[in-house]
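Both complexes shown next keep chain A, but they swap its partner, so chain B is in the first and chain C is in the second.
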Partner chain A sequence: MTIGADLVPATRNALSLLLLAMADDEFVIGFSDSEWTGIAPMLEEDVAMSSLAQDELGHAQALYRLLAEVVDDGRDADAIAYDRPPEGYYHARLLDHPRGDWADTIARRYLYDTADAIRLDALAASSFEPLRDLVGKIRREERYHLMHVTAWLERLGGSPGEPRDRLVAALGRLAPDAASVLAPLPNELSLVMAGVIEGGADELDARWRSKIGPVLGRLELPMPPALADPATARTGHSDAFRSLWGEFNAVRRSEPGVTW
Partner chain B sequence: MGQPELQAWEVFRQEKEGDPMRHGGSVMAPDAELAVHYAREMFGRRQESVRLWVVRRADVHDLSDPDLLQPPLDRSFKKPGGYVMRDKLAAARERSGRPKPRGTAR
Partner chain C sequence: MTAPAPGAATAVDEAAVRAVLAEVPDPEIPVVSIVDLGMVETVEVGHDAIRIELLPTFVGCPALDAIRTAVEERLAGFGRQTDVSFGYRVPWTSDRITAAGRDRLRRSGFAPPGEETCPLCGSANVATDNLFGPTQCRSVRYCRSCRQPFEAFKPV
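Up next is the complex of A and B:
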């Protein structure tokens, strides 16, 4: 039997989009950050960032698997993850930015991980049991991710000169798109009504801001503005993403249909 | 401001509850917080540890003076080797009439 078959179609569709958004977010940031493997600022950080990137890909895999069961159209997790054109990806616009320098990566991770944590918190008591179980596991790993990236944000933000200048510049590039992670999903009201997620997008956005406000305030860094165009928060991807897409499915496209 | 100075940190790990802390290796980090993060990545990310201790190498008191550790005179009489207990223990048991204890049950 299809997982979630007891949900009304509107809720199931909204649930599928929520899972797709979460999975694509983790997939794209995981692949992006894995580009640091071998070239991170120091050996220990190289291992740490590579390990974090692997964690995100693990979360993406679990979310794609769950999505495959909910959608139940014969595609498995790999097919969903790789066999779509770039326009078919549904990650937040924040993750469309190229990897950039170390400050870009830290700024993007901080903005993404804090928003993702709010989203996971809102799913911790989800009425959709398979997602609730999975989120329980993901949250335990994300705790460490948040500790790691906050430590780096504080070091860059608190070191006058090049470290802080680069972080401020990175936030200037990324902050306008930061709120895209928690932008409203189509039909999210049905998810709230069915108890799948606790709180709508506006509420989640407010929680996120109250969480990052004190940290950014202490470092005298600006708060991200409200999202200018929420309707395109997860569509119309960048050239940087299209080139990442070409990288991450190059092997799979080289021999379609084979088992690796 | 230049780069913060990297320092060496020694990492001890416990494989399971009750085991002794054993030296695992070292990491380089600018401060204790990142040292703990990196220790976690190097010695704990595959669930191979239940506890880590991270110590700044500079805080370790080193003793490697050969006059103190490897004195040149013969000290073999301080070693327990050559003094075989087994037969004496067996004889003592014989005298006391108590059997050899098995396991921990009494």
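Up next is the complex of A and C:
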């Protein structure tokens, strides 16, 4: 069944890219989080990161299902999620960075969760009802992710010496790609005009900066710079991502069409 | 109560279906049913089919397939096709858990959502040990009075 069939083709294409961007973001960060299962710095974080991963993969699955109905080209959610070459993924470059140490993970998650929250807020009254309904549910779960990661950011940032030094170094490594989550998507104006999303990329970026500014300022941590090239915010993926790709679709590739 | 044996089905109404659904346990916390959790949004008894709309407690809940199968099995006795769907049109919130459900959770050692006391000894001297827990809907707490860890249903 095609949904969103009442949208003009340009808007539907833009909607597909928005859904793909959101789904790939959640999928990739979910898998990255799951890499901590068993080796996080403390037992509580083994549990937390595993639960976060489960939430994110659930969000990704629901978004891929919605995308499958919008593009209606015979692929199901699993086919979209797994059967693409690495360069076909559309997640933000922020999520291309390797897992790194705990500070890298916290810094990346903080930058991602805060940007994702702004994106979800802008979709809360979407004219595209299936997305609005799903986002209404996802936001309730993401609130916990934001509480968790903000507490860790404050804990590392407020602990002089190695914890803070590592956090500062991690934010420095991520800085060039920090603003990639809210970078403009092709033809995003049509989504704004159709009421699918409330606000264009520049506006969302400004909202994000006003949200994280006071937190980073209080901790005397640097604000992320603007993206050097917004056009490459979701392309040209890293070797770290290629390695993750090799992991997350290993089962799918070993037995094509398998279900479990 | 259980549905009548196949072939014996005569009158089916919404109340009868809901009574059967009240016996379908949550796979992750079996002391409560899907009715206790407030997951059952609509029950429509049509001429040929019984349509059930359930609300997932969490988007990525891995128990949904098991719940769908259990509902289909329990309702098979009514002798009609059963259509189970999951939707987000109405978001499930922890406020949907019934008073009976909250009571069952408490008696099994889970703090119901929003309750800030230890389900084991009633003390208010409790701390959050982990916002996350063994399943998506639970967090881990610690009671400083009876010195026991316990789990709490997350308010969402």
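Just so we're on the same page, the second predicted complex is superposed on the first by the 259 of 260 C-alpha atoms of A that agree within 3 Å, B and C clash if a C-alpha of one lies under 4 Å from a C-alpha of the other, contacts with A are read in each partner's own complex, and residues count from 1 in each chain.
The rule is short, and it goes like this: a residue touches a chain if its C-beta (ideal position, glycine included) is under 8 Å from a C-beta of that chain, and two chains touch if they have at least 3 such contacts.
Since the model is a prediction, treat every value here as computed from it, not as a measurement.
Overlap between chain B and chain C is detected when the two structures are superposed via chain A.
Of the two partner chains placed around the shared chain by superposition, neither chain B nor chain C is touched by A:Val258.
By the touch criterion defined above, A:Ser51 lies against chain B and chain C together after alignment on the C-alpha atoms of chain A. Contacts of A:Ile138 after superposition: chain C is touched, whereas chain B is not reached.
Set against each other, chain B and chain C touch different numbers of residues in chain A, with C touching more. In the superposed model, A:His59 makes contact with chain C only, not with chain B.
Looking at the shared chain after the overlay, A:Ala5 reaches neither chain B nor chain C. Contact with neither chain B nor chain C is seen for A:Ile39 once the two complexes are overlaid on the shared chain. Of the two partner chains placed by the overlay, only chain B lies in contact with A:Ser159; chain C stays clear of it.
When the two complexes are overlaid on their common chain A, residue A:His148 makes contact with chain B and with chain C alike. Residue overlap on chain A between its contacts with chain B in one complex and with chain C in the other: 44, 47-48, 51, 144, 147-148.
Those residues of chain B that touch chain A in the shared complex are 1, 4, 6, 27-30, 33-34, 37-38, 40-42, 45. Note for the complex: chain C touches chain A at residues 56, 58-62, 87-89, 91-93, 129-136, 140, 154, 156.
Looking at the complex, you find that chain A touches chain C at residues 44, 47-48, 50-52, 54-59, 61-62, 133-134, 136-138, 140-141, 143-144, 147-148. Residues 42-45, 47-48, 51, 144, 147-148, 151, 155, 159-163 of chain A touch chain B in their complex.
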